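In what follows, structures are represented as structure tokens.
Two complexes follow with subunit A in common, the first pairing it with subunit B and the second with subunit C.
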Partner chain A sequence: MTPPRKKKMNLKQRYALMTRGLDWETSYQKMDDVFPYDTFEGIKITDWSKWEDPFRLTMDAYWKYQGEKERKLYAVLDSFAQNNGQLGISDARYVNAIKLFLTGVTPLEYQAHRHFAHLGRHIRGVGPRVAAQMQSLDELRHAQTQIHTISHYNKYFDGFAEFPHMHDRVWYLSVPKSFFDDACSAGPFEFFTAISFAFEYVLTNLLFVPFMSGAAYNGDLATVTFGFSAQSDEARHMTLGIEVIKFMLEQHPDNLPIVQKWVDKWFWRGHKVLGLVAMMMDYMLPKRIMSWKEAWEIYFTQAGGALFEDLSRYGLRVPKYADIATEEAEHISHQNWAIFYQYTQAAGFHTWLPNDEEMGWLSEKYPNTFDKYYRPRFEMWREMEAKGERFYNNALPQLCQTCQIPMGYTEPGDPTKIGFRDSVYKGERYHFCSDGCKDIFDDEPEKFSQAWLPVHQIFQGNCGGADLSDVLKWYHMDQGVDNMDYTGSPDQKQWDAWQAARKKVAG
Partner chain B sequence: MAGLVSITLQNNDEARPVIESILHDNPNAEANYMPGAVKIDCPERLVVKAESVSERIGRDWDPQEIHLTIVSMGGSLDEDDDELVLSWGA
Partner chain C sequence: MAVVALKPGYEDAVEIRDRKENFHGNQVVYLHWEEHLSFCAATAFPLPPEMPFGALTEKLIPQFYGMHPDFKSLDWNSVEWKIDGEPATPDMSKSLAENGVGHKSLVCFRTPGLNGYKGSCS
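== the complex of A and B ==
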């Protein structure tokens, strides 16, 4: 028998005291002057006190549990470094997925930290304000723990050293960067919808769960540990996302069309950004746990289906173009990896063609598309490589004005035809990869016409010079070291030397 | 599938009694094991009872300790001193 559970105050009472009890109505300044940002988007809130954090986590408990998580994480990281954990990974190609993570995702954690700090000051309701403050601290912790963890790989592998510099400049990193810039330059309720709901609740499982499980399968003890440590905060972020949506929809019926528009926009933006993760899962993990398509089925079709069915009682419907995104789940990883293969000379990580076994896995996982549309292309490139004619695409690609991804995606229903859309705004023509991206632009042309598009910037002479070498210098990319194929890279030489040494010891 | 709620926990020593309790207290729950983590799905409603976990570990378990091992979840959550509930329609 365990002793009876006794507490001086129950959780609900403690939560009420530690949030509501700490708030006050201003007297000599108007509330609208103290909180100037939470009304201009048109979201109507009649009663902030209706907000409740379902975890009912208070700051004191927050510090206690976060402290314990940190102690555990750092014990593992220290041990990983002390015991040369880099020797235990499945294959050095794996490390390239971590390079993409550090340059593409970690800086977003820092952006999230900054913007949640902003919301933690500027939201009028104390419930969401406290939740935003905690999330701001979480996001800073994620950025720090990721940098600490991955710093160990930086001692042995290339492509990590200049990650913040690269994040702000490199062509494909403008995809995640512009996604977050878009959210941070929106109002607070749109940011909540974008990051807390569309990204954290609907889509983030696709980033963290299969990827961290993949790290576990590939022997990357350090990444698994920071990943799951971060993910434990993520469950709290997900509840913030779903609560914020329900709260807005319950407060006033006029909020529905605004929220629906944001859900449509941010689902589509998130789906495009996660194409990078699709490619990591299907092509960059030497040992794979599930395909992108399978992950999409579990985490969007199934989990998202239950979510949107639940939210339909408020009149909210499944995001626009969800059917198109589901169709694209059969294509996006193959099309993205093909883009990086063609532009390996300008990538900050190494590329390779899938080997026979890997192509077999892709055929099995993508029975409708891989053999028909993508295998022939990879086999042709393999033949070209064998003849010493490795294919490089030397033309700068046209980019989608909204998602900033090279226009390599195909038409819904026809995977042999590249999709193009365009809109004219103030006498200039803008180009898009899809209807989803065009709709987003058409709704906010003033914002998106100002996008910093890497290819345009290169042509305008703003990126270090006119030829590739100048641009790569401006990116701080170490040429012949950070970029190009894995085969022949310094990473590969180092890894092969370690493997040879291991064989020698084994006799 | 409509109406499925889920909780994903790390597959480690600290989470195992929690996983055991969930599977015991929710007869319709189904555990899906993947490297490093376990995703538990259940139709409509899933409960994590503090009493069940406490019995298994021989000390008082606070539902907030779930923060140490949770990886992800699906559904609307409600937590108090005795249990943590995931459901739809709440």
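== the complex of A and C ==
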């Protein structure tokens, strides 16, 4: 006899059972012992059930959606490979932006996967716990799809092969790495504020829009496709970010000063890390989308302005030093590219000087600053190159104790003076590039006095040796291949040979 | 402010990575040529504290800053020095330590009249 057919549950019931229904109050163990991480930061949660799930997705539906997206993505990647998509990009210089992405950003996706998995176990409230579990899987998927997409370029171009190793060791990659290490070694609420809110909500458009539009403008269909495949996940991550902030602020008035401090800190840290994207947009894309300054105006000044106006009803204000960051949008891309140009010998991608047309574009986009402060710098270097005396900085740079970037940023209001800040903690002096970075240190000197600063580590003998060549070996950087200028690189030779072969075929 | 940490005693377990003892007898010294920002940041060197200050002007600075077009016009007698932000008149024959240059000190020098490529501070 066939059993009577059971009535199917509706979506709401399924959702309730498969998320909140999976939770229980422990009886043999104290809840505080089971969830030891979610109280020490001082965030007070009086009622976890007040958490509004920002998206109603159950795990079975999640698998289905992600599986579909995966099939579409891999179909495009196959076709990109079969059609030799690498030949369709605007210029081989473009590939250097992808090198920066794979070495600097993709490992952060993996870090995010790991830490959201941790939160998916350790947050007491079941709503955010389930959200963190799904985001953990998203982040793993993003790391994988990025590696798979970019692996095609690894077959034809240098600088990709050692990306996880480089991420852990190379001087400038300590900037994104230490940013994420800082977040992962914080408590769960600070991590949510750092990554889900400050990064994924406030600043994400300044990372993904430039890279994905840059890819589209420069003929890189593969990267555009992984961008699209990640987009619906990113939308979920953003809603989680905003919900976490509102939840903390609604739960208890004592949470406001803690949350504000984290928002200030992570806005500033994010702004500094995004300086790498700024330089990518203004200098590394053969076909440019918009300037960093324009992107900052649209995605931070306007969109961020509206966001913080909305959040002002909770007492939250615009991050401290947002005005300074906005002023820096006139400078940061030029200053960063100048760092990599003079340390090209230690960069895992190629560098070059902007040509006349590119300098014209920069003058137009930066009428207040480019011609006055940065054009002369590039023209001096161009003259030196022409004389066979290319400018290399052969000494190591002073690094900021907090953001770990060479201290190449200028004083607010005076672009002719490097900004120097310092603090003394337990008799030791520490240096910072800005008031923002100094404040972060002063608030937690115990944490930041432990920073692994690449330059000091080289001096201490922990990076393979004292000579540049030894250090580059330790970085797994293939010297004369991965590093140095684009002109004369094996990448350029290969690209020029392809172009010549095409011309021959075309007759 | 009290440290916010999961476990008590965090502060005592902190390992300061850049203590002077970790640099094998050297101390870190930072040099910066003001108004010459084509050198993107101050530069860092592990130097013995007993090294004479004069070795900076005779050896180190020419070696690492000598390629700048302004360098050939540099007159050491007119240079203005700052050590850790304070104006200083270093004694070239005395050591770094005797001149007040300690671990992670910043030594800035300004060259009046020379302010970068075409006066651009680059």
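Heads up, the rule we're going with is that the second predicted complex is superposed on the first by the 493 of 507 C-alpha atoms of A that agree within 3 Å, B and C clash if a C-alpha of one lies under 4 Å from a C-alpha of the other, contacts with A are read in each partner's own complex, and residues count from 1 in each chain.
Simple rule for what comes next: a contact is a pair of C-beta atoms (placed from the backbone, for glycine too) under 8 Å apart; a residue touches a chain by one contact, two chains touch by 3 or more.
In this text the structure is predicted, and so the values were computed from the model without any measurement.
Asks: Between subunit B (first) and subunit C (second), which does A:G461 come into contact with in this model arrangement: first, second, both, or neither?
Replies: In the superposition, A:G461 contacts subunit C only.
Asks: Contacts for A:Y65 in the overlay, against subunit B (first) and subunit C (second): which applies, first, second, both or neither?
Replies: After superposing on A, A:Y65 lies in contact with subunit B but is clear of subunit C.
Asks: Go through the superposed model and pick first if A:F228 touches only subunit B, second if only subunit C, both, or neither.
Replies: A:F228 sits against subunit B, while subunit C stays out of touch.
Asks: With both complexes superposed on chain A, which partner does A:K12 reach: first (subunit B), second (subunit C), both or neither?
Replies: Touch status of A:K12: first partner only.
Asks: Scan A:N205 for contacts with subunit B and subunit C and give back first, second, both or neither.
Replies: first
Asks: Mind working out whether A:A306 is in touch with subunit B, subunit C, both or neither, as first, second, both or neither?
Replies: It touches subunit B, and subunit C stays clear.
Asks: If we overlay the two complexes on their shared chain A, which of subunit B and subunit C does A:E364 touch? Say first, second, both or neither.
Replies: After superposition on chain A, A:E364 lies in contact with neither partner.
Asks: If we count contacts the way the header does, which residues on subunit B are in touch with subunit A in the complex?
Replies: 1-6, 8, 10, 34-37, 39, 50-51, 54-55, 58-60, 64-65, 67-82, 88-89
Asks: Which subunit A residues qualify as touching subunit C in the complex?
Replies: Where subunit A meets subunit C, its residues are 36-37, 40-42, 187, 335, 338-339, 342, 372-373, 376-377, 379-381, 384, 389, 391, 393-399, 406-408, 410, 416-418, 420, 422, 426, 428-431, 443-444, 446, 449-453, 455-457, 459-461.
Asks: Which positions of subunit A touch subunit B when the two form their complex?
Replies: 2-3, 5, 7, 10-12, 54-57, 61, 65, 68-69, 72, 205, 208-210, 212-217, 224, 228, 231-232, 234-236, 238-239, 242, 246, 289-290, 302-303, 305-307, 309-310, 313
Asks: Over in the complex, which subunit C residues touch subunit A? Could you list them?
Replies: Contact set of subunit C toward subunit A: 1, 3-6, 10-11, 14-19, 22-24, 26, 28, 30-32, 34-35, 37-46, 63-64, 67, 69, 84-85, 102-106, 116-118, 120-122.
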